[in-house]
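Each structure below appears as C-alpha cells.
The same chain A turns up in both complexes below, where it pairs with chain B and then with chain C.
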Partner chain A sequence: MNHSHTKRSGLRGVWEATKNYPVILIVIGLVVIFSTLYTKLFLSPVNLTATLRQFVTLMLFSIGPSIVMLLGSMDLSFIGIWMLGSVLLWILTPVIGPPALLVFPLLGLATGFIAGVVHTKGRIPSFILTLSILITYWGLTVVLSGGYPRPVKGYGFITASVLPRVPTPFLWSIPIILAAIIVVLRTRLGIYFWAIGSNEEGTRLAGIDVDRYKTIAFMLSGTFTGIGSIILFEHLGGSAPVEFNMNNVVRPLVAIILGGTPLVGGTGGPHRTILGVFTFSILYRGLYLSSLRPEVIDLVVGLVLILSVVINSRGARMKGVDVT
Partner chain B sequence: MVDKTGAPILRVKNVSKTFGGVVCALDDVSLEVYPNEIVGVVGENGAGKTTLMKILVGIHAPDRGEWEHNGVVVPFPRNPQEAARKGISIVYQEKGVIPSLKVYQFLFLGNEEKHERRWGLQIGKMKQHAREILEEFHVQCDIEDFMYDLPLSTQKMVEISKAVLRIRLEQNRDTTDSVIILDEPTAPLTIEERRGMLGEILRMKSNTSFVYVTHIMQEVMEYMDEVVVLRDGKRVGYFDMSAQKATEDDLSRAIVGREILAQPHEKGPHMDEGGEVVLSAQDLTTRGCYYDISFDLHRGECIGLFGPAGSGKSEIIKTIAGLRSNDSGKLLLQGREAKQNEPAHKRLSRGVGYFSGDTANELLHDWPITKNISILNISKVVGKFLRFLRFKAEKALAARIVEQLRITTPDVNTLISSLSGGSKQKVTVGKWFEKNPAILLLEDPTIGIDVGSREDIYQAVLSMKRKGMSMILVSDDLKEYSTLCDGVLLMRQGRVTERISVEQISEVLKS
Partner chain C sequence: MSEPCASPTPARARKQLKATTIMPFVTVVVVVGIFQILNPSFLSYHGIVTIVYAMSYFLIAACGLTLVIMMGSFDFSVVAVMKLSALLCVLFIGKLGLLVIPLALAVSAAIGFINGVLFTKLKVPSFIATLGISVVLDGISLLSSKGFLHLLEDERFRSISVTFIAGLPSIFYWALGVWLLCTVVSVATPFGRRVFAIGGNPRAAALSSINVDRHRIIVFVLSSLLAGLAGVLYVSQQGGWSMEIGGQMMIPLFASVVAGGTSLRGGTGGPQRTLLGVIIITWIQSGLLMMGLGREIQFVILGVIAILMAVATTERGKLTRLMVK
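Take a look at the complex of A and B:
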C-alpha cells in the first residue's frame, strides 16, 4: 500500500522498502546476474528498449485484472477485449474513421458490466465466467475476421517516436498506470476493494453494497483494459489478431502475483503490479538473451508462476487473516 | 445515576418477527434505552437476542411493532445507514473486523463522504480525524497499524469507536446522543482485557448509551443498569439493577424459564481411580493455538475443555479428531501412539469419532435420513456376499434410531433439509449412537436447538457414556458441562490453567 508516509532516511528507508516489497531483492538479483552473464548485451540500449516494450505490453494487460484480484475475484477477459476490439476496429475504421478507437474502452466497459452483473447476481465464479467470455470473444474474433489477421492502417501515430530510445507506448502507458493507482489508493473504491477481498461479510455488515462495488471493479478492469488496448493494438503490430496465445493470458497473471497481489485478494493493487511486471520483463529479457529455446523459456515462466503462487499463499496465511 | 425523567432515546414496542412464516423469532418484545445507561439483553441461544438487534439496525424488518421517537411513531430503519441516522449503531460479535485494512481506513469504512473531494479522498485529513477519534476513546494503537496486527481487545475498541463515529458522520454532528449495540463484545477476551474494555465503556457512558448482549453473568451483575431477559422470542423478565438487587439466581431462572434442578449427576469412574486409559495427550502443542496440553481420558469418562473462544479448546478437539495438525506432542490411543497429523478417517478407524453441532457440515442435506445414518455405518447395511447395499437393512436401522431418539419425522426417507433444527441434530447424534466409537469428541453438540431436543440428546449421550464410551466436550454452554462431564479443564490463552471437578463448575459460572 501507500508507504510514502513512512519514508525514512538512508539505509533504514531501503530496509523498510525491501521488507514491504521483497520483490525488489529479486529485481536487483536478476539485474546483477544477467549483467554479469551478458555484460555487453543486457545493459545495451537495444535491450533496454526491448525491456521497456515488454514492460508496456504486460503492464497494460495487467492493470485491469490486478484491480479485480484485489477483491479475490479473477478477470481473464482482457485478452478477449483486445482481440475482439481489434477486429471491430478493422470493421469500423472504414465507416467512421479514427473515432472507431473508442470501440476498445466501450467494449471493455460493457464486458466488465456484464461480467460483474452475472458474477454477483448469478453467483457464478468469476474465473470460469471470464474464461468463458474470453473464449467467446476469441470465437467472435475469428468469425468476424474470416480467420485471417487483418491489418488496420492509419493508426501509426500512436507509436510514432517522440523521444529517442524510449518507446512511445511507454509514454502513453504512464498516465493510464497513474490513473489506475489513483483510483485504488486515493478513492474510497480502493478501500472498499481491499475490504471486500479481506472480509466480504464484514464489509457487507459495514453497510457497503458489496455486489455494486464488485460490478464497479469489473467495469473498471474492462475499461482500463480497453484504454490500454488502444495502445497495445498498434504496439503489437497494428492488425487484428486471430491467433489465441496462452502466453498473453498467463504472463500478466504471473506479473500480478509476483507484484504481491494475492489470489485471495485483500492487499496489493496496480502500484504493486508495476514491480511485478518490471521483474518479469527483466527475467524474460534475460532468458531471451540466453541460448535457451522458447519452449524452455515457457517452462521457466510456468515454474516462476508456481513458485510465486506458493510464496504468495504462504504470506497470506502468515498474516492470520482468520480473525474473529 | 440514570435519569429517567426525560424521554428515552430509543423506544421500540411490541416488536414481532417471524421467519419463513413458521419460526417465531420475536413475539411482542419491547425495549427502552435512556441516556447514559447500559441495558443488558440476556437469554439462551436462539432466544431472539440477535434478531432483535438486527431489527434495531435495519437488517431485518419487523412484521409488527412500533418505533417511538419523542412520543411520535416513526418507521423502522431499513438499513444500517438509516439506523445510524437515528443514532443507533452496532458492533457485531465477530466478522466485523476487516483484517487487511489499516486502522484509519477501517474507521471510516462505509462513511468516507466527509473526507471526499472531487479528486478522491483527502487522506491527510482522514488520518488526522482518525487520530483524534483514537485519542478520544483511549484506543491504544496507531492509525497506520493493520487491523490484523492488533490484539483482539484493541480490535473491539476500534470497532466501538467506529460505531460511534459512524453515527456522528451520518448525523453530521460532533457529539450526539447515541445507542451502541454490543453483541457479546468480551466473549473472546481474557478476564484482564474484559475489565479494561468495560472500564472504557463505563467512561463512554457519559455521552453514549449501550445495549449489551452477553452470556457472562458477572458482567451483568457488575456493569448493567437494566437487564431485559428474552426466552423463546418473548420478553420474560426485566430487572432494574440499580434499584432492586436482583440475584444471579433470579436472572438464571428467568433465562432458563424453570427451576434449574441440580440434575442427579451420574458419576463416571473418577480420574484417579485408575480405570483403563483410552486416550492420553502428552504435551500437545500448536504454536499460536495451544501449548503443552496433557491429560488422560478413562473408559466411560467425559472430560470438558472450557475457556473463552480463542482459548484453544476447539483447536485441541479438532487436532484429536484429525481435522487439524499439531506441531509437537504425543497422542496415545488405547495405549498406542497415534501418528502425528493422521487424517480424520484414520482416527475414526482407531475409534475416535468427532461430532459437531454444526449440522450444516455434519449432514448431507439433500439426502434422506436413512442414507445419512448408513453413511457412517455402511458395514451394517451391506450384504455379506458381494457387499451390495441392502435397502431393507438401511431402513430398519434408520427406523430404530428415529424411534430411540424420538425424531419427529413423517418417514425415514424424509430429506434432511425438511427437518427442524432439533431433529437434524438428533440424526447426527443417532448416526454416532449407532457407530458407537470408543471415544466421541463433542463440539457444541446442542448449539442452537430448543430445550426439549436438547434433553433427548443429553439422554442419548449419557446412555452411550453408560455403555463405556469416553468423551471430550467443548461447548459454549456451561450447563452442558455440568450435565455431561466428570471433570473440566479450564483453559486460557492456549494453556490449561486448572483442573476442576464437576461440582466446582457451578462456582466457575459465578466467577
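Take a look at the complex of A and C:
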C-alpha cells in the first residue's frame, strides 16, 4: 500500500501530489491542448455538460470493477448486469410497478455471488469467467426482449432536471461513489481487499479467509454496478438495450487503469478511478470535437489502454510479480 | 537444451487427468446423439459437409489459441486478427493475386509478435494486451473496409477451400493438416515440451535455462499466424467479407479449447484434445441452428458450457495460486 502522502504547503505540495497521481498532469495537459485547439467549443457550457454526462456513464460502470481490480481480479460482467437488468425491468414493470427497479441491485448481487463462488471454488480465471457471464447475459437479453430495444416508460423522474446545466445522474452518482470510497478506504473489509491485492498468499497465511473476501468483493462490485444501472438505465435512453458493443466493456477498463489501479491489484481503488474517468471523459470529448472518424477514436482508445497498462506495470516489474 | 523438460501429463497427475481425458469423448457421443434424435437428417452427407465447413476454419483458430492457453496465457486477439487478414485478402486480391496470402500471414505474424513483446518485455498481462490490440485491429478493419460488405470473386482464390476431394471440401484437409502439425509440434518436439513446461511453472522453466520470453513470443506469433490462416481460408470459403464475421466468436473458441480438456491453469492438454472440443462446440452450434434457434440462445448455452467446462478441467484440491487471476 503506497499511501505515503507527505503534506507540504503550496506549489511544492501540488508537485508532490502529482507524484502519487501522475494522471493529474495528463488532465491538465489535455485541458490545455483541447481548449487551445477548439477555443470556443471545448470550454462551452454545452460541452462541459456533455463531458459530465460522459463522466457519469463511465464512472457508474467502473466503480464495481475497480473494487474487484483492487484484489487483482477482473470483473467484466457489468455491461451484462445493465443489459439483462433493463430487460427484466421491462418485463417486471407492468407486473409490480416501480419496485421493479430493485431488480438491478438484486441481479448484481446474484451475479457477483455466482462469479465469486465459481472463481474461488472452481479456481478459474476471473476475466474469462466474467466474460462468459457477460456473453450469457447478452444472449439472455436478446432472447427475452425478442431482439428489439424495449422502451420502458415511467422512470423519467430519475433523470428529471434539478440544477440547470448539471445532469441529474451526476448528482445521483455522488453518493454511490462516496459509498464505494468509504467501503474501500474506511472499513476493515477495505483493508482486507488491499491486503489480498498486494499479497494473496501472505494474507491467507495471516489467517484471513481470502476466498470469502474475494466473493464479497465480487458481490459488492455487482451490487454497485446494479445500483449504478438504475441511473444508467434512464441516463442511456430509458430502454432495454440489445446491441452488444465491446467498447462499452473496454472503456471503463481504460478509465480504471488510467486512474492508477494496476491489473495486479494492491493499490488504487474507486477514489483513483474518479481521476481516471475524468481524464478519459476529457480525452474522449476532445477527440469527439475533432473531425476524427468514430473508428479512429476507437483505435485511440485501444492504444491508450495498452499504453496506460505499460506505464502502470513499471511497478510490477520491480515487485517481481508473475505476469501471465 | 534438446532433452524434453517436462511431460505434458506428469506421472503424479496422470490418474486424476483420466477424467478430463474421457469426458470430451463422452460429451461428443452425448451431443451427437441428442441432435441426431432431435433432427435425423443431421448425419446425412449434406449435414456432415455443413458441419465440416463450420468446423474447419474454427479448428485452425482454436489450435492457435490452445497453444497460448497451454502456455498459461490468453489471446483475445484471435478473432480480430482473423477479421483483418480476411479483409486484407479481399482488398488486395485484385492487385496482388494469390500473393495476398503471404501478405495476410505476414501481417498476422507481425501482430502476434507485437502481442508477444507487449506481454514479455513490457509486462502487460497477456489478456489485457491482446484485448487492447484487438480493439485497435477492429478499428483498423472498420476504417479500411468502411463498414461495407466486400465480395470476392477470384476463382483461383476460392478454389483453395471449396475444391471437393474425396467428397469433402479442401478446407477440411487444410484444417486437418494444421491440426496434425500442431499436435506433433506440441507433443513430440522439444519445443512443445518446453512450452508445456512454461505453462506448468514459468519460474521453474526459466531456472531450467529455458528462454521463457522467446518461447512466449514464438507461441504468440504462431497463434496469430494460425488465426490469420483461418481468416484467409474462411474468406475463400465464404467468398465475401463483412464486419460481422467472427462476431462474438471468442466465447465459442474458448469453450472449445476448454471443452477439449486444456486447462486454463496451463501446462496440460494440447491441440490433440482441441479437436474433440471443436467437434462438441460446432456440433452444438450447428444443431441449434438447424433446430431453428437463433444465434443469441447459442450464446446463453455456450457461455454456460464455457464456465462449466473451465471448472471441470481445472485440477482442484491444490492450494497453489492461480497463475491467471
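The rule we apply is simple: the second predicted complex is superposed on the first by the 310 of 324 C-alpha atoms of A that agree within 3 Å, B and C clash if a C-alpha of one lies under 4 Å from a C-alpha of the other, contacts with A are read in each partner's own complex, and residues count from 1 in each chain.
Please note the rule applied: contacts are C-beta pairs under 8 Å (C-beta built on N, C-alpha and C of every residue); 3 or more make two chains touch, one makes a residue touch a chain.
Model, not experiment: these values are computed from the prediction.
**Student:** Scan A:267 for contacts with chain B and chain C and give back first, second, both or neither.
**Tutor:** In the superposed model, A:267 contacts chain B only, not chain C.
**Student:** Give one of first, second, both or neither to describe whether A:195 is in contact with chain B, with chain C, with both, or with none.
**Tutor:** first
**Student:** After the superposition on A, what does A:244 contact: first (chain B), second (chain C), both or neither?
**Tutor:** After superposing on A, A:244 lies in contact with chain C but is clear of chain B.
**Student:** When the two structures are overlaid on chain A, which partner does A:206 contact: first (chain B), second (chain C), both, or neither?
**Tutor:** first
**Student:** Is A:182 in contact with chain B, with chain C, with both, or with neither (first, second, both, neither)?
**Tutor:** Touch partner of A:182: chain B, not chain C.
**Student:** Which of the two, chain B or chain C, is in touch with more residues of chain A?
**Tutor:** C
**Student:** Classify the contacts of A:295 with the two partner chains as first (chain B alone), second (chain C alone), both, or neither.
**Tutor:** Only chain C; A:295 stays clear of chain B.
**Student:** Looking at A:233 after the superposition, I want to know if it touches chain B, chain C, both of them or none. Which is it: first, second, both, neither?
**Tutor:** neither
**Student:** Would you check which partner chain A:132 touches, where first means chain B only, second means chain C only, and both and neither mean what they say?
**Tutor:** It touches chain C, and chain B stays clear.
**Student:** Does any part of chain A touch chain B in one structure and chain C in the other, and if so which residues?
**Tutor:** The overlap between the chain B and chain C interfaces on chain A comprises residues 201, 323-324.
**Student:** For chain A, which residues count as touching chain B in their complex?
**Tutor:** Per the stated touch rule, the residues are 1-2, 5-6, 182, 186-188, 191-192, 194-195, 197-199, 201-203, 205-208, 266-267, 319-321, 323-324.
**Student:** Considering the complex alone, what residue numbers of chain C touch chain A?
**Tutor:** For chain C paired with chain A, touching residues are 72-74, 118-119, 122-129, 131-136, 138-140, 142-143, 202-203, 248, 250-251, 254, 264-266, 294, 296-304, 306-307, 310-311, 314, 316, 321-325.
**Student:** Which residues, counting only chain A, touch chain C once they are in their complex?
**Tutor:** On the chain A side, the touching residues are 72-74, 118, 122-129, 131-133, 135-140, 142-143, 147, 200-201, 244, 246-247, 250, 253, 263-265, 293, 295-296, 298-299, 301-303, 305-306, 309-310, 313, 316-317, 322-324.
**Student:** Considering only the defined contacts, which chain B positions touch chain A in the complex?
**Tutor:** For this pair, the touching residues of chain B are 79-81, 84, 92, 94-102, 105-106, 108-110, 112, 116, 119-121, 123, 144, 147-148, 152, 155, 188, 288, 309-310.
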